[in-house]
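Contents: one structure, followed by commentary.
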Amino acid sequence: MIDLRIGQQTSIATAEATDPRVIMVVSLARLLRDGETVFHGVASPLPMVAILLAKRLHAPNLVYLNITGSIDPRPEHLPVSTVDPSLLRGTRALVTLTDLFDLSARGRLDTAFLSGVQIDGQGRINMSVIGDFARPKVRLPGGAGSAVLMPTARRTILWRAKHDPRTFVERLDFVTAAGNVDRVVTPLCIFQRRDGRLAVESIHHGIMPDSLRAATGFAIEADERTPVTPTPTAEELSLLAEVDPTGVSGSEF
Amino acid sequence: MIDKTTSMREAIATVADGARVAIGGNTLHRGPCAAVHEIVRQGKRGLEIVKTAGAYDVDLLAGTGCATSASVGFVGFETVFGMAPGYRRAVERGELEVKEHACYSVIAGLRAAIQGVPFMPIAGMQGSDVPEARGFKTVIDPYAGQAVVAIPALVPDVAIIHVQEADSVGNARIVGTRFEDVLMAQAARRVIVTAERIVDGASFEETPELVAVPGFMVDAVVEAPRGAWPCSCAGYYDYDAEYLADYVAACKDEAAFQRFVETRILESQLVGAPS
Amino acid sequence: MIDKTTSMREAIATVADGARVAIGGNTLHRGPCAAVHEIVRQGKRGLEIVKTAGAYDVDLLAGTGCATSASVGFVGFETVFGMAPGYRRAVERGELEVKEHACYSVIAGLRAAIQGVPFMPIAGMQGSDVPEARGFKTVIDPYAGQAVVAIPALVPDVAIIHVQEADSVGNARIVGTRFEDVLMAQAARRVIVTAERIVDGASFEETPELVAVPGFMVDAVVEAPRGAWPCSCAGYYDYDAEYLADYVAACKDEAAFQRFVETRILESQLVGAPS
Amino acid sequence: MIDLRIGQQTSIATAEATDPRVIMVVSLARLLRDGETVFHGVASPLPMVAILLAKRLHAPNLVYLNITGSIDPRPEHLPVSTVDPSLLRGTRALVTLTDLFDLSARGRLDTAFLSGVQIDGQGRINMSVIGDFARPKVRLPGGAGSAVLMPTARRTILWRAKHDPRTFVERLDFVTAAGNVDRVVTPLCIFQRRDGRLAVESIHHGIMPDSLRAATGFAIEADERTPVTPTPTAEELSLLAEVDPTGVSGSEF
C-alpha cells in the first residue's frame, strides 16, 4: 500500500476496538487459515502484522512467506519496510522471491496479500498510472508481483488503508492486475467478491451505510441490514498489542 | 584466477552510456548505492535500469537524468516514505520510459537470458493491461495448445550487486536475502561486485555453499564499506531513515534536489576509491 | 509446523504403483538408496523414474521390475563398473521404456513444472535424434521468429531425496553438491526426505542459507543413517565399491541377481524403520 | 566414456612417453587454453586428469568446471568417478549442474569434453543404442548432457579410449548429439574437424597409417606424410605423474 505521507508511528497497541486500524488488522488476521501458505510483498505492514497475529490466534501452522525469503520468522522488532532484514530472524531456511512466485505459479500459494491505489468493482487493481499510461498524470509505484500473483495464487486478499471514491473507482485508469480476489478490507468495510463483483460483506462499527456508499465509486448495496464487522475481542486486542507494540501497522494510515 | 579488484571509479568507468544496467537488492535493502552514486558522479546518460523493486537507487538515477528507461516491477519507498519523487517527476515529464513489468516478468526475462533462449513462458498475467502495454506476445503450448505469455529475454549489459563479503577473484558471499542478485549476475554480460569487505577467499573453502556468485562469473570487485548506504546491508547496518527523509524532502523542490545531489552526493567522499 | 517424521516403510507406502518418482543424487552419489531398497521390498510396480544421471538406483528398480519407464539422461556406473546391467537387460527385453533425455531436458521439464508453465524452451538439441525420438516439439519465438525446442513439463508425483541433515518439519540441509534435488523437490507433488541425521531445527537458524529445501515443501522426513549406501554421501561415507562390484557381477546371471536381491536387499535390515 | 570392463588402475604414472594412455591425456591437456571455462561430466577420468595437467602446465587460469559444481578444485586423491565428492576439495563456490548447462546455453562455456560409444565422420556421437531405438540390441548409457552441450559449447573435444571400426563408424545407429566438435583424441590419432568432416591431424608414435585407416570405419586420409603427434615432454610426463600418481586416467582403458 502506498501513502504519499510519511508513515506515522502512532501506536495502535493502545487504540480502541473500534479504531478502524485495529478493525482492519484483526479482520485481515481472521481471514487467514491454519496451515495455509501466505505471502505479503513490499510496503505491507498491515498484512505483516495480521499474519503474525493470526499465527498467535488460530493459525499456528500457517506458513508465513515474504520477500526476504524467510519462513515463519520471529522478528524482534517489527519493521516498517516489509522487506527488512529484521524479518530474517528465526527462519530455518531461506528461499528467494523467485521461488515464491514459482510457488504461486504452480498453484501452491494459498493466499497473497495485495493492494491497489485504485480498486474497481471487480476487485481489479491499478498500481501503475493515473491518467495515460505512456504519459501519466501520476506515475504510481507499479504492481510489483500482482499481475502474476492475482491470477495464480489460490486467493488474493486486498487491503487498502484509504476508502474514498478516488480509491474505489468505477473504472481503473489502467488494469495492473486482476484475478482471484476473495476479500477486500478497508477502514470502512469488508468486501467479498461474489459472482465477480465486490459486495459489502460487513460494515465496520460506527460507519453509516450511506457514507460507505458515498465513499465508494462503484455501485454497492449497504443499508441498516448490512452486517456489522464483529468487534475485535479482548484476546485479539491483547495479542495485537503484543505482536505490534510500536504500532507499525498504523504506518499505513 | 586473476585478481579483479579495482576502484569504484574504474569499475563504473566501464559502464557505457546507454547501457542496460541490472541493479541488485530490493527497495531499501542492499542496493549497490555507492556504485549508483559513482554513476551519478560520472554523469552517465541513457541508461536502462533493470530491477524488480527499486527505491532510492532507481529514483536517484531517474531524478539525475542518468537513466532514460527502467524495466521495473515497483519503484517506491514503501510505507516508510511513500512514492518515489524523482522517478515520478522524470516519468511524468516524459524523461523516463517505464518498461512496466511484474517483478516476476523481470525474473522471467532474466531467466531467458540465463538459459540462452529468446523468451520465457510465464504463468499469470491474465486480465492485466501490462502485456498489451508492453507488447508481450503469447505463444501456444505445442502440446496441449494453451496460450501462455512469453517474456522476451532481458540481457543486462552489466549487473551491479553489493554483497557483504567477496574475495579478490570475485567469489561473492551474500548474508541473508539474495534477492535477484544471482539471476542478474548470471544473465548479464559483465558483473561488477561491490563488497563491504574483501576477504581471503581461502576462508570460503570451508562452506562454499555460502558463496552466491562464483568468481569466474565476475569481472570486477570493488571494496566498498557501507556500499549499500543509504540502503540496509544485512548484518552490517540498517537503512538510513534520516538521510532518506532528507532526500525525499529535497525532491519536492527541483533546486533543493540539485543542491542535495551537489552537497550530499557529488561532493561526498568517493566510497571505494583508491586512497 | 507439524512434525513430519515417519518410518521408511510408512513413507514409501505412500508411493503408488504407476507413480512418477524423481530420485535425487547423481550416479554413485547421494542417491536415496535406502528408500529405493524399500520400494523394492514393497514390490512397487509401473514406476516411472525421473533422474538426470542414475546408476545403482535406476538399475535396481529396472532389474527388479519396479520401474517400467525412465526419463533419464544417463544410466551407468561410470568407468568404475561400466554399463548398467539390470537397466540394459530390462530395456533390451522391452520391459523398460527409456524416455531418452539430455540431462538438461530433464531439468527443463522440471523447471516448467516448477514455474507452472506447460513447456520450457531449451537451447541446444540441434542435430540430435532425441527430439524426434521423444516427440519433443518446437515453438517459434514470437519476437525474432526462431524455432526453439520445447520440453514438456515433467511433474513427478513424488520426489525422494537423501540429505545429510534434516529437522522434524522437513528443513533439509545438503552438504556439498545439491545435484537436481532442489528442482525435484520444487517440481514434485509430494516430497520425501531421508536424512543421515534428524537434528534440532533451531540449529539451522544461524545459517539458514545452508538449508537446500524448506520444510514447508516437504511431506515426510525419515531418519536413515547410511541412507545413500551404496552411493556416497558427502562428509559421511564413500560409495561401496565392493558391494557395487558384487552387484554388477550378480547381474550377469539372472539367478544370481535374484539371489543377490533376496539376500543382500530384501532380507537386510530395514534402514530407518522404527525399532 | 563407457567401458564394459571394470576400469583397471594400472598406473600410467610410470608409463613411457609413447604409451597411448599418456599420449591421449597429454594431447587433451595441450588442447586447453589459459583462462577458458572447461567442463567435463560423468565417467570422464581422462578429461579430469588432462584439465588438472593443463592447469599445471600452461593454463593456470583455466576455470575447471564439473558436475559436483566445484570450481578449480584441488582433489587430494583423484577419484575414478568424476562426480565424486573428492572433487569438492578446495572450491570456494558451488554451482549446480543446471548452472553449468545454462552457462553453455548462453554461450559462456568455452570447452566441453564429451565422448561417444559410436563416433561418425562428422564428429557426431551415439551414446543411446546399438540397433533399433525402441527395441535396442544394446541399450547404452545415454548422452547425459551432450545433446545440449555439443551445439551450445563454443567447442567440444571428444575423446575415446578405444579406436576400432565399431567405434568410429560410417553410420551411427542413433544420433545422440551433434555440434561444435573441434578435435577427437583416440589411442591412435588426433582428428580435427575441417569443413564438417573429421580429418587426421596427427598420428601417434608407432601407429601405422594403414592400421589407422583399418581401425576407422569412415574414410580418412593418412599416409607417411601425416604428422606424428608430438611425443610428451619430460615436463609433461613428470607433471602427469604428480597429477595422477595412481593412474586414474588409465581406468578408461
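In this document, chain identifiers A, B, C and D correspond to the written order of the chains, with residue numbering beginning at 1 in each.
Note that in this section a contact is a pair of C-beta atoms (placed from the backbone, for glycine too) under 8 Å apart; a residue touches a chain by one contact, two chains touch by 3 or more.
Because the structure is predicted, anything quoted here is derived from the model rather than measured.
Enquirer: What are the mutual neighbours of chain A and chain C in this structure?
Expert: Both chain A and chain C are touched by B, going by the contact rule given at the top.
Enquirer: Please tell me whether C-D or B-D has the greater number of C-beta pairs in contact.
Expert: Looking at C-D and B-D side by side, C-D shows more C-beta contacts.
Enquirer: What whole-Å value do you get for the distance between chain A and chain B if each is reduced to the mean of its CA atoms?
Expert: So the centroids are 27 Å from each other.
Enquirer: CA centre of chain B versus CA centre of chain D: separation in Å?
Expert: 41
Enquirer: For chain A and chain D, what's the span in angstrom between their mean Cα positions?
Expert: 58
Enquirer: By the touch rule stated above, which residues of chain B touch at least two different other chains?
Expert: In chain B, the residues touching two or more other chains are 115-117, 122-123, 176, 209.
Enquirer: Listing for chain D: what residues touch at least two other chains?
Expert: In chain D, residues 70, 88, 94, 104-106, 152 touch at least two other chains, as defined above.
Enquirer: Think of each chain as a node with edges to the chains it touches; is that a line, ring, star, complete or other?
Expert: other
Enquirer: Touching pairs of chains, which are they?
Expert: Applying the touch rule to all chain pairs gives A-B, A-C, B-C, B-D, C-D.
Enquirer: So in the complex, the part of chain B that touches chain D is made up of which residues?
Expert: 1-2, 113-117, 167, 171, 186, 201-202, 204-205, 208-209, 211, 213-216
Enquirer: Within the complex, which stretch of chain B touches chain C?
Expert: Against chain C, the touching part of chain B is residues 112, 115-123, 137-144, 146, 148, 150, 152, 175-176, 207, 209-210.
Enquirer: In their complex, what parts of chain B are in touch with chain A?
Expert: So the residues of chain B touching chain A come out as 26-29, 52-53, 72-76, 78-84, 87-88, 91-92, 94, 98, 100-105, 107, 122-130, 133, 176-180, 182-183, 232, 234-235, 238-239, 245, 248.
Enquirer: Across the complex, what residues on chain A touch chain C?
Expert: 37, 61, 63, 70-72, 88, 90-95, 99, 102, 104-107, 152
Enquirer: Spell out the residues on chain A that touch chain B in their complex, using ranges where they run on.
Expert: Listed in rising order, the residues of chain A that touch chain B are 1-7, 42-43, 45, 67-70, 80-85, 88, 94, 96-98, 101, 104-106, 124, 127-128, 133, 135-152, 174-179, 251-252.
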